[in-house]
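One chain, chain A, links the two complexes that follow: it is found with chain B in the first and with chain C in the second.
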Partner chain A sequence: MYKIEKLIENLQLEIVSKNIDITDMNMSGVYIGDLLSWVMGNIKPGDAWITIQTHVNIVAVAALGDASCIIIPENAEIDESTIQKSEEQDIPIFRSNLTAYELACKISRLVDKK
Partner chain B sequence: MKELSLHILDIIQNSITAKSSFIKIKIIEDLVNDTYCIEIEDDGIGMDEELLKKVLDPFVTTRTTRKVGLGLPLFQASAIQCDGSFEIRSKLGTGTFVRAMFRHSHIDRPPLGNMADTIITCIMANSSIDYFYEHYFKNNKFIFNTREVKEKIEELPITDLSVINWLKEYIKESLCVLVKT
Partner chain C sequence: MTVIKLVYEVEKQDFVKAGQASSDIKKKLKQLGVPSETTRKVAISTYEAEMNIVIHSQGGYIEVNIEEQAISIKAKDRGPGIKNIELAMQEGYTTATDKVRELGFGAGMGLPNIKSCSDEFKIKSVLGKYTELDVQIYF
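Let's look at the complex of A and B:
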């Protein structure tokens, strides 16, 4: 388990869904994938999910798979409806200028240090 | 989904759940206009306007109506991502029609995948349902109709292993020939 608050601080993630209280949220692992049907079948509960997809369907997939949060890499544009849905569903979306690979490397170092 | 045939299978499963007896699958590959069109039409119980409005919303569908799922929203997103369009029409008691249009040459357009396996899976799922599959490529077409097959094999059930194996090869080879012409 790793605190989402720490993740944001260490990776300097931009908080996209502002109306969610993330104080007690944790992530257990990381999953990277952009093919939503594939992610649905393979993501594990508690995973932070890194995807370049930004359509509202990602919130549904995250909800079905019990993802702890969604991280959008490479500063990709996010639909307004996606942000709204994520707040309704209590699944926070963060954004970074790093690539999915760079994010994964940094998260790996953070989690290992702990 | 990695392949268009998986989307097709998903939609047909909806049709089967909706108690269809005749399901039409039409694929039109138009290289001149650079379009890849997939149509699925059934004669099932259909949907009322209220449900029809909801089926493309991933939340309403996954939460309340189990039989629809995320299949339609994903199919729609895939088509739109490939410069295409998506349409669904339905009438209670009459049936449902789904059309997904892709740009044929779009780099993110999934490949068709294995249509022979898809059709066979559907036949095995419920052999009393009839399937009509037509596939157009340029000016050529391939038509497969389980009603015709059933007439030809007479007493033999369509799910008989020898029939199934033959059909699978037949569809596979016919599609290979179609796209080579």
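Let's look at the complex of A and C:
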């Protein structure tokens, strides 16, 4: 388990869903994928999910798959309805200018160092 | 014996509301203290069934019955039905439009995902009329 607050700090992630209290939130691993059904069937509870999809349905997929958070790479634009939904469902969304691969490498180093 | 019954209407092509029924079902199962692995299987199955109704059908409903030994899920739509069920059950086979696939849907994994989550899986379809899915997930 790795604290999400630390993840944001170390990766300098932009907090997109601002109305969520992330103080006690943790992540365990990382899952990368953009095909929603594939993600649903394979993501593990607690994973941080990195996806380039930004429409509102990603929140349902994250919530149903028990993802800890969603990270949008490469500063992709995010629909307003997605942000709203994420706050309703308590699934935080973060954004980064890094690619999915760079994010995963950095997270791996952080989690292993712990 | 059915202990609790949940029924949700699902609208065709409504991608904004899509996922609401399955999210609500999951929330209710959590509140009832259903084991997390069972909840996860039900959540995946109902989500895929819900998305199938949204993407491919004229609308329909999802019914979940929480019984003593199992959770049963019934998803029924108002057509147009599936031409070739054997093909539809193959991983990766899809009839989704490019637009829908751009959104990350239509991976051709919906029905196979439901089947792999379920202990009993039945699908019936009549062209021009309906598709009906009956799934049992044991505790």
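One rule holds for everything that comes next: the second predicted complex is superposed on the first by the 114 of 114 C-alpha atoms of A that agree within 3 Å, B and C clash if a C-alpha of one lies under 4 Å from a C-alpha of the other, contacts with A are read in each partner's own complex, and residues count from 1 in each chain.
Keep in mind that, in the parts below, a contact is a pair of C-beta atoms (placed from the backbone, for glycine too) under 8 Å apart; a residue touches a chain by one contact, two chains touch by 3 or more.
Remember, it's a predicted structure, so these values are computed and weren't measured experimentally.
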Clash or fit: what happens to chain B and chain C when chain A is overlaid?
clash
With both complexes overlaid on chain A, does A:66 touch chain B (first), chain C (second), both or neither?
second
A:111 contacts which: chain B (first), chain C (second), both, neither?
neither
Kindly classify A:41 by the partners it touches after superposition: chain B alone (first), chain C alone (second), both, or neither?
second
Once the two complexes are aligned on chain A, which partner has more residues of chain A within touching range, chain B or chain C?
C
In the overlay, answer first, second, both or neither for which of chain B and chain C A:11 touches.
neither
For A:81, decide between first (touching chain B), second (touching chain C), both and neither.
second
Which chain A residues lie in the overlap of the chain B contact set and the chain C contact set?
35-38, 40, 55-57, 59-61, 63-64, 89
Inside the complex, what are the residues of chain C that reach chain A?
15-16, 18-20, 22-23, 26, 36, 40, 43-44, 47-48, 51, 103-105, 107-110, 113, 116
Residues of chain A touching chain B in their complex?
35-38, 40, 55-57, 59-61, 63-64, 85, 89
Interface with chain A, chain B side, in the complex: residues 1-2, 6, 58-59, 62, 70, 73-74, 77
Contact set on chain A toward chain C in their complex:
34-38, 40-41, 45, 51, 53, 55-61, 63-66, 81, 89
